[in-house]
Structures are given as C-alpha cells and as structure tokens.
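In this document, chain identifiers A, B, C and D correspond to the written order of the chains, with residue numbering beginning at 1 in each.
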C-alpha cells in the first residue's frame, strides 16, 4: 500500500468512527429519559458529525478522486467502512449507550492528545478542534456512567450488564496493522497499542468510581477498522442512513 | 377587589406580571395550561422531525436538522421553567400529558413522509408558530414573555433554514420538486389550523385578551401568516395548495378556503394520523427512562451524604 | 382517469397490500414464540409474496411501460404505494400481528369470493388461486385469535389492546373512490362498502369467541389506498426492502 | 452383558435401533446430545439467513430464502421429535440451549454481511452439512436416520439454490462479483471447520463410530467436501480462498491449509462474532413468547373442559 493509501485508511477510520457513532447517538433524538439528555445527546451527535466532515473531507482530498465527504458517507457499502465494531452496535438501553460513549470518548481523549502533535498539519488541526469537544464529552459521559453505576441496584445491574456486553469490543481500538505502523513511522499518528495504558488508567478510575467490575476475559472482537468483518448491524444502519442518496442519486439537497 | 384592579391596571399599563406578584387564580391556571401545552408541543414536536434525522441526505442537512430538534428540546426546557414559576412542576405537567389530560399542538400529529416535509415543517409550521409567538412577546406574564423573545429568535432562524431546504427541493430534480409540492399540499391546511378555530367559535378568548395572555385574535394571526406565506409559495414556483387562495385587493389580504375544521376536531379528539404513535413514543421514553432518573437521583443523594459525612 | 388507469390503481392496491403485509410477516422469521409459528408465519408470507407477483405482474402489464412486478415492488417510493395503512403498521407483539392478519384475512376471504366472478379473466384467475390460500389463512389466524383472546388474563388483555389499536384502521378497507366505482361499473370488482356486512358477521363471530370487545368509535384512518397519506412507518419499511435494488441498480439477482 | 452384546450385534448387522429397543445409557445420552445440537443448529441457523429476508433483492429471491428458512425450522421440528423418542422433551433441550449448556453449530456465529452470503450459506454451509448428513443417513438410530433422509433431500435442494444464487453474483456486475468473492473468503474456513477438529484431536469418536452414531471421520468428510467444492469455485471464476488449495495427484485429493483452529475454539467458547446476538435473539423470542404459549395452552384446557362438560 502506498503512503497516501495508508493515510486514506487512517482518515477513514477516524471519520467512520465519528459518522457511525453520530448516527447511533442521533437515534435517541426525542426518546431519551430526560429532556436535558435529549439536548446533550444531540450535542454529542452534532460534534461527531462536525468531526466526520473534517476527517472524511480530508480523506476525500487525499483520495483525489473528486469525491466529497458526503460521497464517502452516503455512497460506500458496509465493506468499505473502517469504523470499529463498538460504534455500530445497537444502542441498547440508555445506560449502554452512555457507557459506549464513555469508552469511545476515553479513547478519543487520549488519541486526540497525541494527534494534536501530528506531523500532518491537517490532522493536527482537526485533532486540535476535536480535542476540545472530546474533553467535554468524556467529562459528561464519565459523570453519567458514575451516576448510573453508583445509583440504584437496578441501574448498577444494568450498567454492569452493559459493560460485560461492550468490553469485548474495546480491544479493537488498540490493534495494529500496516497502516498503523506506517502512520507511526511518518509521525502522523501513534501506534494504537501505545494508548492502552493511559486509556486503562482513565477507564479504571471512572469504572471504579462507578462501582463496576471490568470483565476478566482477554478476548476481543475485531474486523471493523480493517473492514474484514463488520457486524450484521452496520448494513441495517446504512440502509437507513443512505436511503435518500441511494434512491435519488445525483441530487443537491 | 383592590388586588384585581391593581393587577388589571398593571396589565393595561404594559407592566409585566412577575412570579411573586399577586395574580388571579384563573390567570395562573390559564397561563399554566397555555405554557404547559406550548412546552409539550416543543417536546412532542421533536418526533416528526426526529423521524428523518437518521435519513437526512447530507452531513450538513443532518447537522441543521439535529440542531433544530435540539433547540426544540431547549424551548421545552425554558417553557417548563416558566410554568414552574407559576408553581407547577415539570413532572406534574408531563404526567398530565401522558395521561391524556393535557394537549400539545395538533400539527405534530401529522406525519413527515418525505424529505421535503422537513423543509416544510420549518417553513410552514415554525413560520406559523412565529406569527403567534411574536405576538406573545408582548404577553403580560414576564417569564413567558421573555421565553418568547428567546424562542422567537431561534424559530425565525429555523423558518429561514426550512425555506432554504424547500428552495433546494423546489428548484431541484423533478422528483425533488414533486416532494416539495406533496409536502406543501399535505401541510398547508394543518398549518393554517394551528391558529385555532375562527374567532366566532373560539372560547376563553375575551378574558385572555383582556389579561394579555392572548394578544391577537386567531383570525388576525391566521391572515397574517397566509399573507406572508403565499408570495413565498409563488417564489418557489409551486402550485398553490388551495384553489381558494386569491389576492383580494379590496381587503388588502389573501382570501382562502375554509379549512376542514372537522378534521382538526378529529385530531384534537385523538384521531389524528399520528396521535397514538406520538403519545406511545413519549410515554415509552419516559417509562424506559425511569431507572435512569432514579439511578442518577440515588447517586446524587449518596454523593451529598458522603460529602456531608466528610465535613 | 382512464379505465386502464383505474384498473392499474385497483391492481396496485391488491398487490401492495400483499407485498407490504408479507414484509411485515417475514420480519418474524426466527423470532416467533413457537417453532410451529415460525413455519406458519413463513408460509403466510410466502403465499402473500406469490399473490404480490400475480397482482403486480398484471399491474405492470396493464401499465404497459415495460416494467416488471419487481420494478413496481422495489423502485417506487412511499407515495406511489396503494396499500391500506393497516398492513404497514409495525408488528407489535405476536398477538397484534396475528390479529392484524385475521382482520386482513377476513376481508380478503370476502373479497376473493367476489373477485373470482370478476369480468376480468386475469383478476378472476388470480382470485381463484388466492382464495384457496386465503381460506386457509383466515381459518388459522381466527383460531389463534380465539386461542389468545380466550386464553389467560394476560393474553386476553394483550389481544384487547391489539384490537383497540388496530380497529381504527379497519374502516379504510370499505372506503370508496372513483376507482372503486369504475371497477364496480366494469364488473371487475365490487364496491368495497358491499363487503362490509359479510366481513362484520365473520369478524364479530370470531371476536366474540375470542371474548374480545370491538371498540365503539366510528373513526377510521385512511390515506393508504389512495396514496394521499401513509404512516411514517412505510418509509422505513421501504428503506430496508428496497436497499439492494437502490444501491445496485440494474443488476440481475 | 448379554443386552449389550445383542445391541452391538444389531448395529454391526446394520439393523436400526428403534425407540422401544434396549440401548446403553451412554448411547442414549450421546444421541440426545448430538440430535439436540443438530436441532438447535437448525433453529439458530434461521437467524443469519433471516437477516436478509427483509432485504432480498427480488420477489423470487425473497420467496426462495423464506422457503429455505422455513425448511430449517421444519428440520428443527423433525430433530426435536427424534430426540423426544429418546425421552428428552423439546422444552428441556431448549432450556439447556438458552442456559448455554448445549451448543449449536459454530458456523451460525458468523455474520451474513452482503447478499452473496445468502448464496454462500446455501452453497457452502448446506453443502458441508449435506456431506455430514448423507453419511448420517446410515446412522444406527432409526428415527435419526429417517430424519436425515428427509432432511438431506431438502438440503440438497438448498445447496443447489445457493449455488445458483452465487452464479448470478459471480457472473453479474463487478460489485456483485466482489460480493461473491467477499462471501467466499469469509465463509470458506468456517465451513471447513464445520466437520470438527482433526481426527487426531477429536474425542468420543471411537465409541461413536462403533455405535454408528458417527459413520465417517471428521477428516474424511472434510476432504470430501473440499474435493467437491473447489471445482465449483473454479467454475464460478472466483479466486480460491486459500492459497494452500492445490490438486495433489498422488493423493487424488486437494491439499489445503490448516484452518486457524484457535478461532474455532474461540467461537465455541462463546467469542464468535455473533454468539451473543444469536443467543440473545433466541432467548428474547422465547421469553417474549411465553404469554403466547401460556395463552394457547390455557385456551386448549378451557376448550377441553367445555367439551367434557357438554358430554
């Protein structure tokens, strides 16, 4: 793979994570447990779409096939998506949605801290903008996870069930392949595995406050960020998300 | 009584009534009902537009729509707060809504069936709401009036965005133009019914006018909305959704056909196309979220107790 | 509207009812309460798709624009669908699905009995084939409705709730417009209102056995069979159903 | 014992064992486990294919797929009935499955990600199943053997239909061909692992062979499947999914790469891509359906009581 191609893959991974998670979060719109949460979730989704525009916009530029961020979002099929499996999982209950958000935010907060020093100016600039949003997100999702984990017996049980369900999808964030190595060598992005300690420290602190137990198994699902094997959920998500662009191609909206 | 006279004098002098001021029970009750219904409308109003968030055709359109729906939730918050200044809690108002004892605007019982509906809701529904709300900026109750000022600003922005979305559709491909026309046809009459029945049929109006809870009559507001909207339809190059729409030079207003009021009354009675779905969605959100509210509350109590013990 | 156009509308109404209901029923696949029901529901869905092929096949022929039944099924948007609202409603629980099936089957059993005498030979032939299937469907769905209505307190309560939810969608089956009048004059199909008594006799008998109470209100939703106003559910259904044809147009499958 | 000797003699003479015949406890237990797992596989096997029923691209493809999944449910029924002849109820087997104490074929823990997967499941998964099941037609237990005969007939039909669907894809547009290749690449190794671990690793095999519960070894069956499938891949014009696939003239068989057995063991342990989703879906179907089963049962009892009273 050429360097440009590796860079493209890296950018798609960032952009697709933000895009797919924003879709999931936006599914809550009008259905959340408290009006304040409707607002907060919409806010998260909005920030993520903004990040999507930046990452996929740059990806389209690097790809140099005359495509736009919208083309990449709305006209690729599941196998071309490079998001981690975690973000495409169904929302489940509110607790699972917020716990997933926290796990993602925690990773992003560590990653963006590194990417602001990227050798690629555009990557650094995107990370600088995103990192402010991410700092806010992680604070908020951590608070909610602690509140629900250390709340009632029912809320605790639901949050533990959510953690048990989600934990096997965390490891994928720290897997490496040729693209990651190429990014590391070029100084564009760190090797994913180098983020693990900082991530674990943060997550362990919050989950301890939340009185939750990190599951013991070391198994990790993977296949999303390489595109090798997504879950069955992604295809259904895309059928909804891409409907208008697929049914009425070539229009301006 | 003296209190009543003083109260009415203030209103007549355009001095706002504030939460700690004395007010007649009926004034309080009427306001709670009106503000509560308005708050509920903002909350339920998330649903028809929310229906298209996951299908918005571009990233930018998705952001605009999400931000708009977010604003509506925010308006709900301001308005519930305004109702709280009158001594009615948000939880109680929500309970009344879920038990079917309070209403929300019937317009949200119509479905959003194609993407142009999203533009049309912003343009027509928010457009009609603004006409009403601009008038209400002068309402006599301070917190309500100030909420209206804030809300109006955002709503005007939404109405403009909605109109821009409609322009894209009306000036787009034949299929897009067809969507725009279809949306206009379906939403036109419901939007002009948003102002309520004709003045001759409207109850409570007189007292509300005197108290400046209501500032203009239903028919005045409706005419104002129609007059400002018809030229916009013409600019879009869409067919008028009502053959009765004609400029009346003598009146200096557009004439229009009487809407089918029996349809409105059906919708108010619970028989609109989406009443059941809307209420089911809201009640489900509330019930499914009970454990979340309970959990967060329990945590807050524990935390306070720990801090107290540590002091 | 020309006579051919009225015939086309009539055929789309039949075909779209079968298509959309078959989609809803097929959503149960692998998720029903008993293995025997998985089989029975698949069987119903299969019969309905078979009927769809016949009705939409003939519709495409009458339309004479070189389209196929598949084109009509997979390439029209919501506003061009002519199914009654009843069949596009979400499944709800198993009881609601079966009760909807019974209400639909009951209507079909009366209608097909008339259509086999249609002045249009193709319509008569389709009805002859469908009527055998419908006779089986209505017997089965009626039995299940009785079994669940007159079962436990919980099953009774759920069935009554289902009936309260579904009943306002029944009236649309008996509404008339120019197309119906044209069909009646041509002897192709009866005026819908003429089916009401027979339908009500059948439904009242079964629902009485099921110890269920028909709601009192006379209000009826409408807009599906004219295409004026579907529910919000249809668009989501089509986004799923039409995904492949929209994403990969012009392929053979 | 004499009983044991007589039993083994019957088996050696290819006389079927029938439900009322004496049989060793271990024979019964092993059969219940094997037939039960097979039944569970048919039931869980509805899910990956069911995932595409609502998205099938044509009416005909939708019918074919629905009919196939319906057949699988039917196979589940035959097999649970065969297990019942051994004294184990369907409900008990289902309970063990839902508690994670019985397994189903690991192949169904892989996702169906594009439409070609549906063709590939019919072609490869049913193809592999048939190789196994054709052998099992000669199994010693009568009801199981007869169920296999019936099931094999339908499975062959499914495998052919699957292959035809693959042909449409492989000979279709570039995107369709890409789907076909993608499906083949993902499902190849899981399908050859369906025959279980290598004979050298396989437990229980010897006794099962002697009892003719198992008729051929895992490795024999796997080789037979590979030998019949590689030419089909070539006919489709797809790339071989394993660079180790090569005709070995000396052996008269295709050589192939050792699959990643650690992956299979992961899947068996519950860590396959879809284990959690599959079990959640089945348990939810069962739990959500409790009221239906209870209701129908209560009605049947009432009806019987009424008939009794009327007599």
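The criterion applied here is as follows: a residue touches a chain if its C-beta (ideal position, glycine included) is under 8 Å from a C-beta of that chain, and two chains touch if they have at least 3 such contacts.
Keep in mind that what you see is a predicted model, and the values were worked out from it rather than measured.
*Asks:* Select, from C-D and B-C, the pair of chains that is joined by more C-beta pairs in contact.
*Replies:* Spelling it out, more C-beta pairs touch across C-D than across the other pair.
*Asks:* Using the average of all C-alpha atoms in each chain as its centre, how far is it in Å between chain A and chain D?
*Replies:* Computed from C-alpha means, the inter-chain centre distance equals 36 Å.
*Asks:* Could you grab the centroid distance between chain B and chain D? Build each centroid from C-alpha atoms only and quote it in angstrom.
*Replies:* Distance between chain centres: 57 Å.
*Asks:* Could you list the positions in chain C whose residues touch two or more of the other chains?
*Replies:* 77, 239-240, 243
*Asks:* Show the residues in chain D shared as contacts by 2 or more other chains, in ascending order.
*Replies:* 55, 175
*Asks:* Looking at which chains touch which, would you call it a line, ring, star, complete or other?
*Replies:* It is other, because the touches fit no line, ring, star or complete pattern.
*Asks:* Taking the top-of-page definition of touch, could you list the pairs of chains it picks out?
*Replies:* A-B, A-C, A-D, B-C, C-D
*Asks:* In their complex, what parts of chain B are in touch with chain C?
*Replies:* Those residues of chain B that touch chain C are 48, 51, 55, 111-114, 175, 182, 186, 266, 269, 271, 273-274, 276-277.
*Asks:* Could you pull out which chain A residues touch chain B in their complex?
*Replies:* Counting only chain A, the residues touching chain B are 19, 23, 26-27, 29-39, 42-43, 45-46, 49-50, 52-53, 56, 69-70, 73-74, 93-95, 144, 146-148, 150-152, 154-156, 158, 240-241, 243-245, 248, 250-253.
*Asks:* List the residues on chain D that touch chain C in their complex, please.
*Replies:* Per the stated touch rule, the residues are 43, 46-47, 50, 53-63, 66-67, 69-70, 73-74, 76-77, 80, 115, 165, 168, 172-173, 175-176, 281, 284-286, 288-300, 302.
*Asks:* Inside the complex, what are the residues of chain A that reach chain D?
*Replies:* 77-79, 165, 168, 217, 219, 221, 223, 228-232, 234-235, 239
*Asks:* Which chain C residues qualify as touching chain A in the complex?
*Replies:* These residues of chain C touch chain A: 77, 236, 239-240, 242-243, 246-247.
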